[in-house]
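Next come two complexes built around chain A: one with chain B, the other with chain C.
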Partner chain A sequence: MAEVSAQTQAPEGEAKGRFNRFDNPWLNPKLLWGIGILLGIVLLGLIGRMLWNTELVFTGSTPLRLPPVGFENLRGQPGEAAFPLGTDGAGRDLLALLIIGAPNTLMIGAVASLIGMTTGIILGFSAGFIGGRTDDVIRILSDVMITIPPLLILVVFQSVYGDVSLLLMAFLIAGFMWQSPTRLIRAQVLSMRESGYVKMAQLSGASTAHIMFREMLPNLIPYLFGSFIANVTTAIVTAVGLEVLGLGPQRIPTLGRVIYDAINSGALIQNLWWWWGLPTALLAVMFIALLLINLGLDEISNPRLRKI
Partner chain B sequence: MFGIPRSYLFNRFVTFLLTVWIAATLIWIIPRLSPVDPAEVMLGRMASGGAFVEGSEQILQSLRERFGLNDPLVIQYFKYMWAVVTFDFGVSVASFPTPVWTLIAQALPWTLGLMILSLIITFIIGNALGAFMVWERTPRPWKVVIPSLMIFTSIPPILSGLLLMYIFSVKLRWFPLTGSYGLTVTPGWNWDFIASVLTHGFLPALSIVVVTFGFWTLGMRGLMISVQGEDYVNLAKAKGLKPRYILYKYMVRNAILPQVTAFALKIGLLVSGQILVERIFSYNGMGKLLYDAILDQDFAVIQGVSFIIILMTALSVLIVDMLYPLIDPRIRHQAEAA
Partner chain C sequence: MRTGTRLALASALALATAMGPATAQDVPREDTVIFDIDRTIRDPGNFNWFTPGVKRLHGAHQAMWEPLFILNYETGDLEPWLATGADSNDDFSEWTISIREGVEWSDGEAFNADDVVFSVELAMGNEDLTSREAATVRAQVASVTKVDDLTVTFALTAPNPRFVVENFGNRIFGSFLVMPEHLWTGQEAASFAFNPPIGTGPYTFNSAATNRAIWDRNDDWWGAKTGFMDLPAPQRLIWLESGGEENRAQLLASNQMDAGQTVTLGTFEAMRFQNPNIISWKADLPYAWSDPCARQIEFNTTIEPWGSANMRKAVEAIIDRNQIVNVAYEGTTEASRSMFVQYGAMAPFIDAVVDAGYGFTPEGDVAAGQAMIEGEGWAMGSGGFFEKDGQTLSANITVNSASTELTRAVDIIIEQLIRAGIDARAVPVENSVFWGTALPLGEYELAYTWLSCGSVNEPWATMGRYTNESIVPIGERAPGFNNTGRWDTDATAAYTDAVAKLQGLAPGDSAAPALVVDAYQHYFAEVPFIPIVQASKLLPFNTTYWTGWPTEENNYNHPAHWWGHTHQIIHNLEKAN
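So, the complex of A and B:
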């Protein structure tokens, strides 16, 4: 999606002599690095599924507690090439767990954030543009809901219902992801409503929908991307939090679930560092990539930050 | 009150009440939608202890009566609301006759203590680093080091907690692995106990600080950049004031204000993060209580803990909102003008 916007930005740069196409703000190194790392994780999931035997995520399909290749566990067993990243305490191959688990975790974040974003765009525009009662209701509701930590409501929900599917979990988290885009868009719409080009469109008889989605929405794209990425981070943090508390999907491997199993089996004390360490490291890389994307987007939408 | 307009106070207070009401209602509705009967869960727990329960049908009935499950839903709802207002969440199923409130009252001071301590440290470190990131006179190496520290910002505290625990407790054995005080000390105002609490609390606090100070740093950086170009800063420089003086008295003091409002929006995330840190460190706070309750399927405790934490969050947002006009007089003047 960044590429599409990059093309629309390019002619502006070419018009002024001093700028060349390498000054395109969308070619921000932080943004590109972040997207690259995330793509790498997605590819690990997609290509890994084809190259690696994913049957190994089932319990008891491998020897127990083997270390990664080149290391020895406390019983003196060396790592085996058949299980390059080691195995966990229930006989599952960690590489297979990561291949299946990492895309699941990312997917929960993306789906929840996408639904939240869509709801936020609709509500934010309605509030900012229609105003009056609609605005009051939406504003108060988003102010109220933004202070409720999603984790706790979801803990109540999932402890009652037990097992949930990945998608249901994403939908539940999405219920807490619409507030900040709503507030952001509402504020932007309120300030843009008075600007010249919107007045112009209104005078020339454009419909409300046209003004909202064709005139105003394109100007919000950098903010929307930023808010989307921030929400993906929050959604993943919430999902991992639930999984680490032992809630969330019980039968599908997720990174949080692997960490939960590891902590519960005392992997820290038994020095089975690969068991909890690898999913932790992968999650950390994921969050760093999301942060880089967000910093890059910040610099694109706020040129003042680019100086430093 | 202190020149803060009434309408502002009123608005904030209504938002606070609405938040608490919606949260309480959600917590009440969710279990009602499920087919699980709490009385049967309770009976199941008894049966698992003693294999066979005599007169189980009567017990089931009396339990339903006791939980008020025979009343119409509306009555149940109002009874529940009254219970919530009086902090009466019923009794814990796992540690049976103990009221939920007693359990919460034991856990709450630990959570609050850890939270306030890590918050103060984070606020100071974060804002200082953010200010130094922008200041012209910061030594070169610092300008490279600080942005790279930002990498940690994105990591949730549970991951940093695991890592710190492994390095400092398992490998180096500098700090105890879990718990909030040692088994050999007696709680009280003696030096051993306080030292034990401090060493046990250090790693949980550090794992929160390490990953949250960046939020302040980034915010402060943005604010400092906008303050940097202001006329009064240029004037101060032209007057030949000491650079350090300009930094503290002219730049930081003006830039730090909006940080306080930004904080209000982050409280929820901070609290949830801390809950998880307490869970991995088995710290005697609300997080451990919640986790144990989830393991025991102790709904009364889960509901009580969730509600109290949401209440705490909403309350801190309210306090921040109330304090803000006191810190920043511009808000007061704006409201008066409008």
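So, the complex of A and C:
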């Protein structure tokens, strides 16, 4: 397929178009856009912290229920420039909440996914490559774990445990993030194990760890990245799900927590759309960025998807 | 947002199903009154009110079980209901209650002195009946005797001029409820589920689930037959768990609910914006009614460092009540000046306490609080929190997550404590955990409560709750939620002795304020709990289908529709058209 289209395009500058794209598969617009948006959110957090008063995330630090600049609330109060995105019902500044909350939400997703993936890689390779009893144990464990709905367990755990820190929450979610990568990587490794270069490495006396991580792992990198991003999305959805139920960290702002407070305080009926709307919109942007990255990575690991 | 909508939808569905199968007789919406409950009915098949749980406020004591008397908060009178009057001997150690003639249980049996004597003796003889009213009767009554079918006498363990209002008058939330002897005889009182339940009220039980209870009018009610009162207008009453402020507001605004639990000011204004038929106690700001249970911070004195009076006083100094009033309550309440509810009838006692120098100020004084903490050997650490022996000074405040009002007030207190150097955090717990285990068993460090609640027009009911007579070990149920913080020092003993002198005083005795100050000094020296703000209840009522709700103008009684006096509200309701 790729060859056919390459041939049809050949007359208009074959070398240029074709080789550039093959040389830099990482420079695809979806990936770049996705990364750009995510970086924007991270920068909003980093630069925002320097430029904006982050003390305004605490209860009672601003007037109540002010709308964003240019709008009026139900009482007819106009927005104030000091709180450009408005304030919530407990006296917190929305801009400050987003500046602190968005990177926190992203961080939970990234950390949970990183831990989950790392565990998945180690277990998946061990199961696939070593085989035998190791394979049985890891396979059965991940098969059992994959049937347990994570949100259910986490809701129970967090409601018993009470207030959790961001990192602890990430660790808890990571506990449900390793099963799929383990299974998928194991399957990939099983097929790769029989390939020539692995046999060659074995014959030349390379250690198991060397073969697993130096010979086989590089071939899986685009795939692992894709899997990682998909896991970040799942982890964020799980985290936000818990936060919206009021089970996340209490005093540390996260986007889910802001939405929880809004729901809990009747923001919908009070028409305080900025309170629930802005964090929801930011979450949507975040998910779109992650989706773009995922699509981009998919094109990298699967050349047949590339438009050439 | 999605969850909110889903919850609203779920409530609407629950309502639809609630009205669906049960409406074999098809009671139209305009003949139905829908009340809001703020908690789950954990055990909808159990109607044994002697034991803890949601067994009364889902309609049982508002519609089915009637009290002997109802205290009118507006006039201060004790209005007879199943009784016709009460009398005492000179020193208030013996009381006689006369019962109304012609009262019947809904199964046709007569209600008489035998039922009263049986129920009181049941509570007296069984320590497992732990509900507050049962525990109070057990503590106060030495013996109960039937004189004739309509007369009962009580001999008390100690003189008590408030015996009737305290036990049978619905003074706070509920009353001691008389159970039918003919159904309870021979049952194991602590485990009997009493299902199906019966009562003397104008409504009988239809059905209940975890989120709702349905009651249908009994057109054969004794009150209408004897001319005591007309049948109430609503044919059906439903108590429905609304599940949070947003859903509550949506249900009320869309006329799917008639009486709501408390909401915040912003939500109330928004509801009125959408539905002008929504009213509350006051016609204008602050709209709210002050209930008699002022908010406070409770300390578990068995957990260090809160055993130290100076540490408790430091927290008191740090807390800025004004900010709590302005942010959490949006100006709908006021800061507490003492442990008493700020009603007109309590003014002599509050003034006496404040004049003696024992009043609390509305502003916080962080520097003074920090100095007290340092005086206890703590030093400010690098993390911005006080430390001692490698330990950070922390405070876990247990809060009932059922209401935004409570969680928001605690959020602000936590903010104030953190800024002063105490690593505070909220421990939100579900309503049933809060009342079922956390408070009575002493399983908390600090808690946002209203456990000094009791006094309305005299000082003893509140003061008597913190004596050393109610102290039980942690893990055992504090009788009647009294002194759950296990405050037990020499000051407690002195306080207990001083409070005892108040107990036998007749209402209006001029010696009372001086005796209050005498006892109050021991409380103020150690502050086992910190009064924070008065309670404001912004209870929305919907006049689309029903009018006659209690308001400041139509003030036949107060508007707390989960209390036992709600019989009066139901009898006052009229169809809107």
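In this section, the second predicted complex is superposed on the first by the 285 of 308 C-alpha atoms of A that agree within 3 Å, B and C clash if a C-alpha of one lies under 4 Å from a C-alpha of the other, contacts with A are read in each partner's own complex, and residues count from 1 in each chain.
We adopt the following convention: a contact is a pair of C-beta atoms (placed from the backbone, for glycine too) under 8 Å apart; a residue touches a chain by one contact, two chains touch by 3 or more.
Predicted model, so just to flag it, every value in this text is computed and none were measured.
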Ask   = When the two structures are laid over each other on chain A, do chain B and chain C clash or fit?
value = clash
Key: Touched partner set for A:75, first chain B, second chain C, both or neither   = second
Which superposed partner A:36 touches (first chain B, second chain C, both, neither) = neither
Task = Could you look at A:90 and tell me whether it touches chain B, chain C, both or neither (first, second, both, neither)?
result = second
Query = Who does A:64 touch here: chain B (first), chain C (second), both, or neither?
reply = second
Task = Have a look at where A:245 lands relative to chain B and chain C in the superposition and call it first, second, both or neither.
result = both
Ask   = When the two structures are overlaid on chain A, which partner does A:268 contact: first (chain B), second (chain C), both, or neither?
value = both
Query = A:283 contacts which: chain B (first), chain C (second), both, neither?
reply = first
Task = Figure out whether A:146 sits in contact with chain B (first) or chain C (second), or with both, or with neither.
result = first
Query = Does chain A have more residues touched by chain B or by chain C?
reply = B
Ask   = Can A:156 be said to touch chain B (first), chain C (second), both, or neither?
value = first
Query = Stretches 115-123, 277-285 or 313-321 of chain B: which one clashes with chain C?
reply = 277-285
Ask   = chain A residues touched by both chain B and chain C?
value = 244-246, 259, 263, 268-269, 271, 276, 280
Task = Within their complex, state which residues of chain C touch chain A.
result = 1, 3-5, 244-246, 248-250, 253, 263-264, 266-267, 269-271, 273-274, 323, 327-328, 330, 401, 404, 407-408, 411-412, 414-415, 418, 425-428
Chain B-facing residues of chain A, complex = 140, 143-153, 155-157, 159-161, 180, 233-234, 237-238, 240-241, 244-247, 259, 263, 268-269, 271, 273, 276-277, 280, 283-284, 287-288, 290-291, 295, 302, 304-305, 307-308
Inquiry  = Show me the residue ranges of chain A that touch chain C in the complex, using the header's touch definition.
reply    = 58-60, 64-65, 74-75, 89-91, 162-163, 244-246, 250-251, 259, 262-272, 276, 280
Query = In the complex formed with chain A, which residues of chain B make contact?
reply = 15, 18-19, 22-23, 26-27, 30-31, 34, 36, 133-134, 150-151, 153-156, 158-159, 162-163, 165-166, 169-170, 177, 221-222, 225-226, 265, 267-269, 271-273, 275-276, 279-280, 290-291, 293-295, 297, 299, 302-303, 305-306, 309-310, 313-314, 317
